[in-house]
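What follows is a pair of complexes built around chain A, which joins chain B in one and chain C in the other.
Presenting the complex of A and B:
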């Protein structure tokens, strides 16, 4: 054996030495040189895949090192050198891959290798072989003519580095872009350019476009798809609700789905190691696993997330009974629901009898949870609620979990339980207001509604029963439907016990008693002022008697309203003070508190009466003031009926503000600056009951303004409009003393004159004597002179009518004619002549109508000289005088025609009769009766009086005026 | 309006004129088959609606493709889109088309475009995009049916689909994603051009199908009143 080994070694050495000698002579390969080198390209992975063999391996296997060189473009441009160490077996095809950073399509690659035996067992073989020949490799690019840019449509993860290359070919002006940005590539070899993107971000599902263009014409492009990194599933867990299916769920994280070869988002696989079963999950976040019928107890799940680039796994192992998540209880019912108890039943679905369940029951009312119970069940549950409140809505919540191992509770299920009603449990809080009137008691009862806690149901009505304590008779008065908080009763002045009960559908509450005595409502106590605070009123009182059941303090919450919302507070018998507070109390409102003591017989006696404000405010209005007794030096201010109780504080007094021209205020007043920057003198009245004020020391005939304001502890009422007063004149009273008697005297004289008017008339204006009644007649008769007789006026024909000038007012006189003159009423004088009255003492255009008959006789007597009017003068016809206007016009015309120098309008008609009427004073008869021609020598001639007698000034053309008209005007003799 | 003394006579005269011409108004004179007019109008309206719908869809899809496809002046070479039916045609040639040929070209074009669009829908990455594409395909299917209806009303036979020419857009080894995007771009562009052309085609057809009597218009001058 040893000989054989020595022989073999010697043989090998001989062979090797022979080979060495031979190689020096002939370039023959050394043994163990890699042969049959085949190189393939995986463009997607950018891998060069090398395959080779080692021939004539002397042993079955050898540990060898292969030294590999990779060149790019040229064999001399070696870009990578490395060793690959492996155990080589005889006839084995060796494989090795190299990942290129640069896309393999961008360049031709050359690969060669040599081997070295690195086997300690055969140290004699430790030498390197020759290099294998360079193997040239080109990436397979079918569209080599058109494809310019590589890699094509590469998919990488976010944050990767990617190297691109492009072949500019013969196009020297090629430009490449990344989306919109121009890429400046680095020249790698001749027309091959490269650029590298580091830490690429995810931009869009459609990928990032890299393209090259010549003269803005796209020649080629590629898309870089950047995928988000696949995340490891989180919160992976499995559970069962029915021992039939395990439901596994997890949080998949971000979706890495991309539009790359229609690649979907990542997919998930569930693998259970004990059973060796595997399931592809349809959803990204949950997967259902069928539980085998033999109820495998333990499960070991591996969840694998996988996408195009990456694979991630998570694992969970659990006992099935520890992953029970029951469904919510159902078929929940309430049975035998009473006022204070009820029974609840329910069922647990789907779990069967595999496990015991623990159910949690909670009972809530409106405010909070009242009861909590835990119940163990299999399938059907039942629970009795007790100590419930009557007529109360409860919310019952129930959930269940596996009793042995609580994995997850079921969802809460909520139902409403309403208990039955019960009779009210508490007596009403009742109070009263008594108003005696006409021998009766008008009692207003008030009560506070029972709380829900005590009502035990819906209050339907209130019963009021009044007992006459004197007559011991019972009288059921009223049943008042709810909701009501009071009623009114009219009782006689006897003592009554009143019982009030609240009733619901089940029964009545305990009776609340109150006694109205005969004296109720008649109590009078003095008001006492108290000071309140914003927190309320502290009220204290003195006990009335030793034996008492308690106290009641009542007040009106809204004092100013007509309807008093009576409030009351019950106070214990041993308490003599309390604090009344209310949110309804407002500043500036007066509150009246009456404290009653309740006797043991439930009779209320008024103890004290207190008034106060929580906060006093200044008065809102001022008194209405009147100024009376105004004299020259003073006046009195008076205000009455000023409603001080309606004020917003206790009125402490008044301020009288007086404004005058005087700059200085009187000593008892102070100057006060008003809002309009004027000043007034302010007098203070500190007695609230004083409602009159005398303002003194004033100036006569002076103007004053005053204003009266009230004030409380919080201030005074706002200044309003000042009232104005003017003092009287100092001498006005003296004038009154003089003028009044004078007026009285004048009146007295006037009365006397009227009374003695007849006498005055007789004295001043005696009547014209009647010739028929004259004493001369008796004388004549006695002498019986046949020549002497009385001329009857009727027998006279008026001889003269004078028309005289009259200044004004004649027209009104015409109007005053009640009976217009008509032709028939006038006598028909044959001729009427207009005669100038030249024979009068005053020259002027006096015109008169002349009775010729009488005129002749008069002329004969020589007492008168008339100038006869020519016959040519137009006669005046009386018919022209039918109306006053015609009359006036006619006269005017006539006068103008005859005497053109007399101004028209200044002429009026004077009718003058020379004779007194024989009918004694019947002036009208002068016109009615025709004159009787009689001798006129015995009579004085009557004539129109020239106006010069009335008017002392008369011009040459001045008119003579007479007020004569139908005998109603002045007549001068 | 101020009515003068003779206005009422003018109104009466106009009313009489209207009544006199009423029998000549086709809308009032029809007794039976309404003819292809309404279906042409409906097809025209559907074309305009699809134009509007495509405007929205193309905006979304081109943004999904990314720059430079969503740039306004982008005009890539057609390359793989050469198989798409071209809508552009010489004006004189378009004018010389008879109704049958005009309708046939429309029908064939939309048949092809619809197949391409369905392929596009299969590749869309987002659910929103798939939904929009599916909606548009349904509308385009409706347009195709409407054109078929017009052709049937006019008595033209529907063109028979050539066997074996079912275009698919599955990317092969010769097809890169970038080139696919260019084809998608051309598909949307060609579709838009076809809708423009169809609107003109159907408008021309519509006018052609209207009888001359339908053009009676009554001029009621306000002044005459």
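Presenting the complex of A and C:
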């Protein structure tokens, strides 16, 4: 056989050598030259697809290399040379593609090739064949083609390079644009221009117009579709929930779909290599794969994403039992639920008995997780919860996974477990307030509600039992429905033991005891001030006795409110101080802390009483001050109603601010500048109990303003309105001391005078003066007139009234008044003229008597005097002419009026007086006209005039005919 | 509708069709105001034609809005003729041909634009509304021709088939067609 092979090779070489020599002489093709070269064009992919054969292959197959040349426009313009190496089989049609950068429509292409045997088995065949003839190829273009730009509707990936060509027909100035941006171009061949776009971006799904213009005239355009780059699917995984279906999912990444025919969205296929099955996925992010009944154990999946331009694949291989993702547990129930334990049961769906499951159970209360358990099951699960709290709601969470290989846990399933109630486990914290009244104890009980932890259920009511320790009798007093936190009891003043229990539906709590002794509530201890801080009060005390059960500190939460909201704190027996803090504490509020010591018999004894503020504030209001005891040099200020305990801090004293006209303050005060820039003298009172202040050293009849403010350690109360005070006159009290006795004396004298008025009258001013006692006597004596003498009344005949010249129809002012005026009804005359009326026997001159007691008091001494009747004067007519002119005028006017009523010369009555004795007038001393002594018996009248107005009115004939009494409503004649 | 010419407004229709044989005998009487309705419908088309044109070329992107004279010139060679000074019958026949031509073209344009510009909803709406009115015009014109002029046969032609065209050519042809429509509908409306 070896010999035969060697012989055959030698023969072939000889033949080939002969043919080679012959080819050099004749253009005959060498053997193994590619033949039947056929070229097709794929315009979309811009591929030249070559098909050829190699005839007369000496062996069944040979490893050959094909050298390929591609020319453009002309065969001499070779644009690409390359080799294609392959194993050639006999009668095989060989194929090869070449991708053109330039659109194939832009140019005619030429292709040729030759072959070379490159097979080590046949080194004698290592020679090249002849070139095949050039094959020309043209891209197909439609008839009546008007397209000038290629490629049309080109689809490329984002970031790739694209070359466009423009067939201008003639050499012209061409410019092409992409979205108004000029594209750089170059002339490729005669009328062919190319434009390159490098690293094209994604612009829009609808493609981007590319257009070319010649001299700014658009000739043609095309659309470039740029696709997003297809991404490799991420997070590809498969799992099963029921051993029937594998659910594979992945993240597809960006959608590479384009509008129109640009490119649809990428599609996905799933291929399993062991079974060789393939499935086209309907969704772009998940695919379901049916698990065969024989439960193939291992799967090798390849997920392929594909679009027009690219394919991307990912692979996963796994064991089916390692990809179990159980469904959530269901049919969860709680059985035998007690106060502290419960049993939970559940089922796992659809997994059957293929695998063991591990279930994770968590028990949560409202705050956090309390228990965690792991349970292995097949299908049905059961678990007993213990050490639970009574009457508590728990959240039970459960999830499961494959016990052998935890791929994924199922979803958590949550259920609520509520345990049953139990009797309350702790005694109530009880405290009391005792108020003794009228031999009774009004006891107010307070208790704090049990925490949920100790209540073990809903508290329904509280039982209060009071036991009389003296009488040893028990009395059940009250059952208080919840949610009360206190009650009131009225007990006598004996000792009582009070027990309080909280009750729920199951039972009662341990009893809480407290003892009310006979003297409870009567304790008196002195208040002590303490300083608090914003964090509370530090309270310390001294123990009362050695044998004690503990201490209780109580206080009111809201001190100023009527409702106290009593708070208390229990302190151990060995502790003598504690810090009381509360969010309810507010600055400026006074808190009262009472510390009680509890005896072993549960009797509370008040130890100490402390008051304090967490933070003292300045008083919010100033005292309402009254000014009392105002004198000329002082006054007293009082503000006894000012409640110091209701203030916002401990009142340390007061400031009395006094404003006056004085520029300087007294020594015991200091000048203080007020907000209105005025000043006042401020007196300091540092005793908070002093609520009265004497303001001294003041000026009489002076104006003062004052204001009293209180102060604490935090400051003074605000300044309000000043109160005004005026001091009294300095002498006013003296006047009172003098005037009052004087008034009393005068009154006494007046009374005395009234009592002795008749006597005084008779003595001092009798109705008929005693001439001997009159001053006229001295006057007469001084004149030493021998003709003057005193007429004795006894010598005179009593006066009579005589009617003279009575005329008919005389009218008087007394019309309608029939009663004649009595003597007492006439006003007293200031001057009394006594004229003889009845006896005409005495023809001598008339004597007039002037009562100087009246005239002197009523008249001016200069103008009013005793006027003797002169001889020339009409008889028995005396007048007093001493009135001032104005008065005369007034009289004249009045007289005129009177004349209108009483005509002159018609006098109806004349007063005829007894003429005491003839008297000669003294012309020097009398200012009146002397009456003419015609008829002494015919005296005209006797009249009276008011003091100082008694001016006679003369009639036309010079006689006095009438007179009007001024100030009177009536006229008298 | 005996003359269901509109049934031929299907995508890809482009070659001239023979007239559909039908008789006017089975048709009901036209409403007396059918001419008025035609005028109103033409006025409606005329009033919306420019807006439709603008919406269209705006949606095609650059360079269409800035090169209307080059890309959207009304150079539609096979567009049916219209003689405004003809008789009413002749004008109605020519109107029928025009509306049939436009209706078919609008169908193609609408379908293309829904693929090319799926987000241009206002353009789609306008195209559909215009096609609806054209169908009404065609029905009324046919009714008028049948009832008054007893014309039951009208030969119609459709625009070129654009299904094989590339996207840019589709855009360009659509723009040219709508430009032509805007131009023609004004003349037609004026003549009636």
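Heads up, the rule we're going with is that the second predicted complex is superposed on the first by the 572 of 973 C-alpha atoms of A that agree within 3 Å, B and C clash if a C-alpha of one lies under 4 Å from a C-alpha of the other, contacts with A are read in each partner's own complex, and residues count from 1 in each chain.
The working rule: contacts are C-beta pairs under 8 Å (C-beta built on N, C-alpha and C of every residue); 3 or more make two chains touch, one makes a residue touch a chain.
What you see is a predicted model, and the numbers here were worked out from it, not measured in a lab.
J.: Scan A:207 for contacts with chain B and chain C and give back first, second, both or neither.
T.: A:207 sits against chain B and chain C alike.
J.: Report for A:179: first if it touches chain B alone, second if chain C alone, otherwise both or neither.
T.: both
J.: In the overlaid three-chain picture, which partner chain does A:718 touch, first (chain B) or second (chain C), both, or neither?
T.: Neither chain B nor chain C is touched by A:718.
J.: Go through the superposed model and pick first if A:257 touches only chain B, second if only chain C, both, or neither.
T.: First partner only, chain B.
J.: Where does A:222 make contact in the superposed view: on chain B (first), on chain C (second), on both, or on neither?
T.: The answer is both, since A:222 touches chain B and chain C.
J.: Which partner, once the models are overlaid, touches more of chain A's residues, chain C or chain B?
T.: Counted on chain A, the partner with more touching residues turns out to be B.
J.: Following superposition on chain A, which residues of chain A contact chain B and also contact chain C?
T.: 142, 147, 152-153, 177, 179-180, 206-209, 211, 217-218, 220-223, 259-261
J.: Contact residues on chain A for chain B in the complex?
T.: Contact set of chain A toward chain B: 142-143, 147, 152-153, 177, 179-180, 203-209, 211, 217-218, 220-223, 225, 257-262.
J.: Please output the residues of chain B touching chain A within their complex, sorted ascending.
T.: Residues in contact with chain A: 64-69, 71, 76-77, 122-126, 171, 173-174, 176-179, 181-182.
J.: Hey, which residues of chain A end up touching chain C in the complex?
T.: 142, 147, 152-153, 177, 179-180, 206-209, 211, 217-218, 220-223, 259-261
J.: Where on chain C is chain A touching in the complex?
T.: 60-64, 67, 70-71, 112, 115-118, 164, 166-169, 171-172
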